[in-house]
Structure formats: structure tokens, C-alpha cells
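Listed after this line are the structures, all set down as C-alpha cells.
Across the two complexes that follow, chain A remains constant while its partner is chain B and subsequently chain C.
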Partner chain A sequence: MVPPRTIIVTLFLLALLLVLFTLSLSIGAYRLYSPLDILRVVVGGGSDVDLAVIELRLWRSIAAISVGVGLAVSGLVIQRLLGNPMADPYILGISPGAALGYLIAVSLGLGLPLWYLLSFLGGLAAYSIVVVLASLAGLTSLALIVVGVSLSYVFSSASIILLYLLGPQAGFALSWIFGSVAYVPRSSSLTLALVVLAVLTVVVAYRGALTALLLGDETAKALGVRVELLRLALTATIAFTVSVITAAAGPVGFIGLTAPWIARVAYGADFSKLLLPTIVIGATLGLGSDVVVRAVGGGRELPLTAITALLGAPVLLYLSIRGRDVGRL
Partner chain B sequence: MEPCTVSLEGVTVEVGGRAILKNLSVTINGGLTAFIGPNGAGKTTLLRVVAGVVKPSRGLVRICGLEPGRARRLVSYVPAFLQVDPYARVEDVLRAYSYGLSDGLDPREALRAFNLLHLEGRRFNSLSGGEHKLVLIAGALARKPRVLLLDEPFSHLDIANQVRVARILREATARGVTVIMTVHEPLYASLADNIGVLSSGELVAFGAPREVMRRDLLEKVYGVKLEEVRVGSRNLFIPEISW
Partner chain C sequence: MVGYGDQALNAYRLMVAGLAVVVLVMIVGFTLLYSALSSLRGEVSSISRSLEDQARLVGELQRQISAQAETLRGLEELRARVESVERALGGVASARDLERLAEELGRVSAQLRILEGSVGAVNESLRSSLRDLLGRVEALTERVNVLAEQMLFPVTVVDGVGDKVVILRKPSRIVSLAPSVTETLYYIGALEALVAVDPWSDFPQSVRERRERGELATVDYWSPSAEAIAALKPDLVIGVASVPSHRALKSLLSQYGIPVLLLPDFKLSDVVDSLLIAGRATGRIVEAYEAVYKVELAIKYASLLASKAELKPRIAAVVWVKPLFVVGGGTWEHDMLELVGYNVYGDLSLWPQVSPESMLERAPEVIVMTSSYGMVGVEDLVNTLLETLGDAAYKIPALRDGRIYVLTGDYENAFVRPSPRTIIAIYVLLAALHPHLFDLSPAEIPRALSPETLDIIRILERIAPDPVVEVVRKGLKG
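Right, the complex of A and B next:
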């Protein structure tokens, strides 16, 4: 039987997501729309400009939801694969690698499409280096974490040097580094949504093995899970997804760590039961952060990562402190 | 149910050039088998080889005539200790044991079978060592295995729970399950139908408790002086401790 608390949390999150979606269509630099205005425009009662603005905000909302869901599910999978509740999708060096690729493209004076391409390739290259080095130690979760964290610092250091050398030229690169879905074109929003749907399909296909991995590598292997192959296949899938997300929206932090954590507190650690709540929480955090970015900037948009961290960190701190009593529930 | 035979022929396991199991051969025809030996003798590695977790460098392993990779559905493995996600509930751990089962596994049924329903909804990491062990055994047996492998099933248990686990294992063998365990306590080893003694990766003795539980052999294997005490039909061994 589903506990009443779980039902209440689920209904609250779905209601919150609906409210945020409406707000996301309402709020923006051009003008505020009431829910009635939005309805009127959607059924054909508004001007062409109004329709274009709401359509733009709709695609932006899709991008924010895709970023949130993609990072949240990636975080859930990485935490299970590495057996570490503090892991997030960036622990494998993907984000710092993508940032380095992006800044190399900016430094070389390449055109805008190549900034995104090099960012995507940087993420994948960083992951590949981490996996190759970790495999020398048997591709264990500890090896992946140690190599991933170490190389993340190396990539970040290189990025800092490039930013320093770029000086005032950094300009637009800075807004990307801090994360934003404001500049994601419509085609990229669609790509993001499709990539996230694809990764969800892969994760659903492997949910049984990911559920068994709760028992640790050894027992999962005894049950028939091919742990090393699973770890390689799914980290590669996550690397691809996070590289696409990072290339489009920059390194958006905290969602990949916080969303799965909140889901586990409310729903336990059964992977199959965690997937849907993690998707809803990820969507809520992604969309909610983007709404706050637009709402409190006073005409200017705040960096997305600053808001995801400001929203995510208190939740994480509260849950961690409250977690002392969780074991006795 | 006919008991399932587990056999190892010339099994050697080498890790980093060091032999952990050396040319080990043994055939277990059902019942309850205990492997004893000092720390590092290769007991856990032996279980892991049968569970298919570790591939032997040389030699053959057969479970009901099948190699371990094809016998996953027939074998359940209970590790000595399990640290899981801090938010994992008891049911989550039991459900994780259902991997590969077409009908799944009902956590409530698994708990009810061992009178553990009061643990439903509890965080797994908040349980006592004994409750941990009982939940894991409940999960492993809920898979209805032909072979049950347990690494130190009596460690961290109070006397009442030790008796409880011993009874559960004996009931499992009565149903035809082949139970293989590693133990440190000679008392619980002597409850087994067969005992294997491992020393530095070699099987130095295998047979009925009366044949194997000899003071000279145990003193040689463990490297300590033992005092032999007869209690009922069993010989118990107490180490001589000089301070």
C-alpha cells in the first residue's frame, strides 16, 4: 500500500509543477500574462506578438524541464551506479570537460555553433579519459569517483586560466558558464527533450538491474547483474545526455544531486519506485529555477546555477540534518 | 525436492599473482556444509566462486551440473555485511532480491515467513546486526533457491538469533536446499552435516564433524593451543589464553 505521506508529496509536486508551468508562460522581460491572457492567446484571441512571446516561453519551459529531468535522472542513475548518495552527474568530469571545450572554442575565435560542438565533445572526451584511467583500477565505483573528481579539478583549473586570459572577451561565455536556458534555440529545446526521452527509455530498460544494485556489486553480480557492463553502458549514456544538456544550457549545478536525494527521502531507495518522483522533482527544480531567474532579476536574468544552488542547498541541508532521525522512522 | 550437487574441481583463484584458493576440489551433495579456517584462508572467496561473483583462474565449478553463470536463478547469496543507501527501507532491500524472477518477490510475504513483519517500513541501516542478517536471509530464501550461500551468518547475532538462524538453515536443508556457509564459531560448524577446513587457500580436511573437528588439526590450522570440552554429543574447543 502506498503510504499517505507519499501520496500527499506526489500530489503537491504535481500541483507545484502545474503552477510553475503557468508562471513560466506568464513571466518574462516583454510583459506579464495572466492565466486568462494565456488561454485567450492559445485559442487564437491574442496578437501575433503575444502568440510569438508565449510560444518562445513555451519552448524555453520545455528546455528548462528537459534540463531538470535529464540532470535529475542522470543523478539518480549515477548515485546508484557508484553506490554514493553524494554523487552527481558531474562527478565523472563531464561538466568541467564541457566547460573547457566551450572556452577553448571561444579562445580560438570559432563561430557560435562550434562553441556548442566543442562543449559537447569536451564533455564526452573528459568522460572517456576518466573511464580509461578508472578502468586501470578495475572500473570500480571508488576508482571512477577518485579519477572523476581529480580530473574535474584539472579541467576546472584549465578553464579558470582560459577565462583569465580571455579577460573582458569572456563576455557571453560567462553567462553560459553560470548556466541559462535563455539562449537555447527552439531546435535545441526539441533536441534536449528528445535526448532526455531517449535516456529515460534506456534507464527504464535497465531499472531491474539498477534496483538489484542496491545490494552492492557483489550480491547484484550473484543475482546475475553484469555490473561492470551496466556501469560502462549507463555512465556512457549519462555522459552523452549531460554533454548535450551542458552544451545547450551550460553547467547547471545541484539538480542532479538534490532531486534524487529529495525523492529518496520521500520514497525510499527502490529504483523502480524512485524514477517517476525523480522526474517530477527534476522538472519542478529546473522549471522553478528558471522562473525565479526571470522573476527576481529586475529585467536582467540571474545565472541559473546560482538559483538551483540557492533553492537546492537549503533543501539538502534540511534533509541531511533531519536525516539523523530518519533511521528511526 | 532432490538436493542440488555443488562441485569444484581443481579450482585455483589468483589475484595479483597471489593464490587465494589453491587447486581446491570438493563435492557437496546437499545438506548443510560449513567452511571454517583462519582469517584470509579463502572461505569467502570459495563462496564467491560458487556464487559466480569471482571466476576461478583454473578449474571447474558446477551447480546442479551447470556452470555458475547459468545457475544464477538456482543460487542465493547472503554477504557477511551490507551497507546500503541510507534511505533504503527493508522492503526496498527485499525487492532488490527479486532480480531475474519472472513472478517478482512479495516483501511482505518474505517478512511474514520469518516473523519479521514488525520491520516493515523501517530504514535498513537502522536495524540491528541481527535484524540485518535475518532480512537478508529472508530475501535470499524468498527467491526459492536450490543452493543458499551464506558468509558468516552467525556473526553479530545474539544467542537467541543464532539459534533462530540455525533453525532456519536446518529447515531449508530439510526442504532440499543445499546450504553452504562460512563460520568462525566451532559450535555452529559442528551443527553442519559436513565441515571443510581451509588453510592458506587449501582444503586441508572435509567430512563429517566427528572426523574433522579434531584438536590436533584445529591447533595446526589456527596456530593456537585449544582445550577440548565435551558437551552432550559434541566436542567443543576453547582457546587457551595466557595473559
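Right, the complex of A and C next:
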């Protein structure tokens, strides 16, 4: 029996997502359209709305939702895999690795397409190094965390050195590191959406094993879960997803950490019950942050990470303090 | 009655024959007359043509004579001014007097050099008296600078952030922390005293060569090390107001007794102020005033040219393609854009990050972009806009009309560095946006603008006054 509170929260979240989606089509630098005009376009009525502009906002919204969902689900899986509530998908070194790849491309003076290829490869390479080093220590969750965090700092240091070598251009290059979906090409939005759908399928397929992990490695092994293999396969899937997201939109912070948490505080710790809320909350955080970015910039384009924490943290704090039951994973 | 009839017929025939003869005679006569007349007319017209030629020659001569007279008058006036400077030099009592004298001398020197260019090789006596005057000005400059060394120092200079910087002696070991500083020093002839530059100082050629030979040390641009600078034992460090670490150096290096001077770098007029501040600090005030005179003349001439254009195009200047960064208000680049057109992002300050969608709203007619040292080209920007905006991208007039220009090489440096070389970028933009002002056809303007693709010196030589060409040439052939 689903408690009525859960139903209300779910309905509220879905309604919020719908409102945000309408807003995301009506708000933008070109012109503000009234949400009613947008609805009229959707039902097929004629209006003076420029469809080409709505289309470009739609693609941007798809990117924002994909980034939000992808990071949220990755965060949920990572927290579960590592048994650590403070883990986020970037703990595997992907974000600093991608930033380093990007900065290498920029400082070598390589052309624009290579910036994105190198940031993607940088993320994957960082993850590979982390996993190889962690497997020397038995691929336990602690090993992954320690190696991931240490190497993240190493990659960040290298990035800072490169930034200084960039001279007067450094400020422009640096802004990429705060993430944005304003510059995601349409084809990449599509790729993002497909990759996120694929990873969802994988996670749904493994939901049983992931729930078993909650009982600890030994118990899970006793239940027939091949823990090391699971860890390797799922971290690789997550690394690929997050690398794609980071290459397209830059490292977007906080969603991967917050969305699973909010879901857990609101819905409890059962993995299979958590997956859907995490997806919805991730989409809401991603799209909501981008709507705020579009609304408050005043002609400027703010980075996404500037807003995600600002939106996510208060919700998380409120729920934690009110619920008082955050302690259990 | 037949006989009578025959007679009548004969008389008729005679009349017809007579008439025919008369007509024939008239035709022949007319033809003769006409040919005579037309040959006459040809003669007349050739005479009048030669008369016109002569008149034109006379006019030309008169113009030359009056120009020479004007030159002569100008020369006499300048001679009087040189003499008054010579007289006044004896009675200089204060640093303020000296600076006023230096300003006058700088102007006279610049004007003499302008005259020198316009006289040409024709009038030998004029040239020799010009050379004589120039020699006297050079000697005077030398004396003023020697006096400045004695009188000006210790000098207190108000720098670009409003601080009073005290410099005890004429600096002989200068550290430059930015390319715009190095270039400013080049325009006042103070490069000799350099002991270190930042890694991006690549102009003029001599600086690059001295660095390669190891005669010039290199200090960082973003985070110059106070210790490394102190080890060079400089007597003056010059940075720019916009870089935070250059400000931080002030208090750090004052512990070593090394003055740090920050040149202003926010507006186009700061280029001129920087010349004067650097001139005062290095004791080269005459040279500074001479450079200021020429730079101001070049800016004024550019505004004059721009005012002849009927339309001021709406411009967006892209300085980084992904994420998109553009030139906003409160920058020297903005002032340059406003000089040749209208900056559509002028209401945002400094270099704002903007969305591709904002390009639809701002609707620039021309996009000027920098290549980030050859990293990106026009097609990268177009692709970025098309990939994110789709068909809506063609709402941007600049994209629809293909009016996107990319500045590379020295033209990019001239655009992004606030030194007197910005003059080059102003004229390149003017030529690209208003080719008709330079008797160019739009087809002659390439998309990638660099000294290799668009010879701005040759274009300016055709129409611009010599001092303008000279400032531009000095900024390209260092």
C-alpha cells in the first residue's frame, strides 16, 4: 500500500516538472512568450509564436533534462555501489579528468571539435586509471573512493597549471568548467537523451542486485551477487554516461549528489522504489536550474553549477531537518 | 497645240534638271562645308582641351605653390615655436614648466615629421630647412630629457588605479608585465631599459629576439612572482590595472623599495593616458607627447572617416566561441566598435558570457570574432550557432548575409591588447565594415583578416594622411 503522502509528493513533482517544461519553452534571451501561447502551440492552435525559437528551446530543455536525469541516476547508483551517502558521480575522477582533457585541447591550440572529444576521452581515461589503481586494493568501495578523490586532486592540479599557462585567455576557458546546456548542439542533445535512456535500462536490469548491496558486500555475495563484477560493470556504465554528459555540457555539479538524497529522504531507502523519484527529481533539478539561469541572467548566460546547488541545497536541508531520519542509507 | 505642249514639257524638264543641279550643288556644298566645319570643330575642341589641360596644370601648380606656401608658413610657424622652446628652456624652473615644454616640443616634432612626409622630394630647399629644424628638435628633445632626468626625478606619477607612485631616478631596469605595456613602451622608445617581460610580449621583433638570446627574462602574466622580480633588481615594474595580481604586487614589492606602476586598460582613451603615464615615469615625456599627438590624430581621422559612412552597422564581437563570450561595455574594444559602428552587447559590462539565443534578439548585422591565436575560424562560430539554433540562426542578419570576419595574427593582437596598436585594429575594422570609404569593393575584403590577407598599410597609403599611416606602420613593422 502506497502511503498517501508519497502519492501527493509524486503528483506535486510531476506537476512541477510540467510547469517547468512550459516555462522553459517560454523563457529565453530572444523573447518572452506567455506560457498560454506555448500551450496553444502544443494543442495546435495558431499564434504568433516563432516555432524555430520554440524548437531551439525544446532542444535545450531536452539537454537540461537529460543532464539532470543522467547525473541523478548515476549519483544514486554510485552511492549504492560504494555504500557511501556522500558519493557523487564525479567521485570517480571523471569531472577533473574531462576538464584536464578540455584544457589540454585548448592549450595545445587544437580546433573546436577536439575540445569535446578530448574532454570525453579525459573523463574516461581518468575513470580507467582510478579503477586500475583501485583494483590493486581489491576494488572495494573504500579503495574506489580513496583513489578517486586522490586522483581528482591530481587532475585538478594539472588543470590549474594549464590554466595559468593559458595567459589572457584563461578566464574564458575556465568558464567551461562550471557547465552549461546553452551551447549543447542539437545532435548532442539527442545523443545525451539516448545515452541516458540506455543507462536507465541497465540500472533497471540490475535493480535487484543493487538492492541486495544495501545488506553489505558479504551478505550480497551470499545472495549470489558477484559484487566485484557488478561494481566494475556499473561504474563503467556510469563513467561512460557522465563522460558523455560532461563532454556535452561541462561538469555540472550537485545534481548527482542531491537528487538521490532528496528522493531518499522523501521516499525511504528501498532502491526499486527510489529509482523513479530520483529520475523525476533529477529532471526537475536540471530543468529548473536551467530555467532559473535563463530568467535571471539579464542578458548574460550564467553557468548551470551556479544555480544547481542554490536550488537543491535548501530542499535537501529542509527535508533532512524535518525528517530527522537521514542517518540510515 | 502639240508644239505648245512640247514647249511646256521642255520647260518643265529644264526646271527639274535645274532643281537637281541646285540640290546637287547644295549637297556637295553642305558636305564640303560640314567637313570643313567639323575639322574646325575638332581643332577647336583640341585647342580647348589643351587649354583645359593647361588650366589644370596651372591649377595643380597653383595648388602646389599654395601648398608649398602653406608648408612654408607652417614651417615658419614651427620654426618660431622651436625657437620659443629654445628660449624657454633656459628659464625652466619647475617640473610643471618642463612638462609643458615637453608637450609643445612633442607636438612640434610630430608636426614637423608630418610636413616632412608631405613635402616630397620636389623642393630641395624646403627639405633642407625641414631637416635643419628636425635636427634642432632632436637636440632639444635630448636636452629636455636630460633636464627631465635631473628635474623630474624623483617624480610622482598618478597611475591607472589612482595611486601616487614615486620613482626616484630615471628607470634603467624596467619589468613589463603585459604585452600592452611592452607595446606602449615601444611607442615612446623606452624598450632599451627593459630587463624582463611577460610570456605574451611578442612585439616588436626586437623584444622577441632579445628574449630568445636570453637578454630579457620572462615573468608570468597572471601570477608574476614578486621574488623573481625582486631578483632582477628592477627600478620600475609596469603592469596593468585590470589584472588583480599586478595590483597585489604593489604592496609586496614596495617592501623591496621597487615602485609598481599600473597602466589603465579599460577605455580606448586609456591608450593615450598610458603613453603619458609611462612617459612621465621613464623620463621620456617629449616622445610620449609626440606619440600621443599622432595616436590622437589617427583616432580623430578614423572618426572622421566613420562619420562619412551613412550607416552604423550593428556589431557583435565574439572573443571566445564555446562558451560564447562577447565584447561588452566598459572595454577598449567596445569603444573601437562604437567608433566604426554600434556594439549590440554594449549594455552588458566587460566580456559577458552570452547564449547563442541572445544573438537572435540582438540581431547583429556584422560579427567580428577573434581567432584565439588561430584556434578557431569563422566556420567554427557558424557551426556552433547553427548546431544550437537550427534554422533560427538565419534570423541573425550577419549570418544570413555572411558578414562574419575573424581577426588573426597581428590584427587580433591589435584588437585584444590596449596599446597604441589598437589604431591598426580600428582601421582594419573600418576597412572591413566600410570598404567604400577606402575605394575598396566588398569583394576585396577577406573573411580572415590578418596582415597577410589585407594589407592595411597599402590601403591607408592611398587615402590617409602620412602620420596615420606612420602610426599603423610602426605597429606592424616593429
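What we mean here is this: the second predicted complex is superposed on the first by the 301 of 329 C-alpha atoms of A that agree within 3 Å, B and C clash if a C-alpha of one lies under 4 Å from a C-alpha of the other, contacts with A are read in each partner's own complex, and residues count from 1 in each chain.
Simple rule for what comes next: a residue touches a chain if its C-beta (ideal position, glycine included) is under 8 Å from a C-beta of that chain, and two chains touch if they have at least 3 such contacts.
Bear in mind that the values here come from a model prediction, so they are computed numbers and not experimental data.
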| item | value |
| --- | --- |
| Superposition on chain A - do chain B and chain C clash or fit | fit |
| Of chain C and chain B, partner touching more chain A residues | C |
| Which of chain B and chain C A:Ser180 touches, first, second, both or neither | second |
| Which of chain B and chain C A:Leu215 touches, first, second, both or neither | first |
| Touching partner for A:Gly224 - first (chain B), second (chain C), both, neither | first |
| Partner chain(s) touched by A:Pro168 [first = chain B, second = chain C, both, neither] | second |
| First (chain B), second (chain C), both or neither touched by A:Leu56 | second |
| First, second, both or neither for A:Tyr30, with chain B first and chain C second | second |
| Partner chain in contact with A:Arg300 - chain B first, chain C second, else both or neither | second |
| Contacts of A:Leu317 with chain B and chain C, given as first, second, both or neither | neither |
| Chain A-centred angle between chain C and chain B, computed on Cα centres after superposition, in steps of 10 ° | 150 |
| Lowest C-alpha to C-alpha distance for chain C against chain B (Å) | 39 |
| Chain A positions touched by chain B in one structure and by chain C in the second | none |
| Contact footprint of chain A on chain C as seen in their complex | 199-200, 220-223, 319-325, 345, 347-348, 351-358, 360-361, 372-376, 380, 383-384, 387-392, 395, 416 |
| Partner chain C, residues of chain A touching it in the complex | 28-31, 50, 52-53, 55-57, 59-60, 106, 109-112, 115, 164, 167-173, 175-176, 180, 182-188, 294, 297, 299-303 |
| Complex contact set, residues of chain A against chain B | 3, 83, 85, 208-209, 211-216, 218-225, 264-265, 268-270, 272, 323, 326-329 |
| Complex contacts: residues of chain B adjacent to chain A | 48, 51-53, 72-73, 75-79, 82-89, 91-93, 95-100, 121-123, 125-126, 149 |
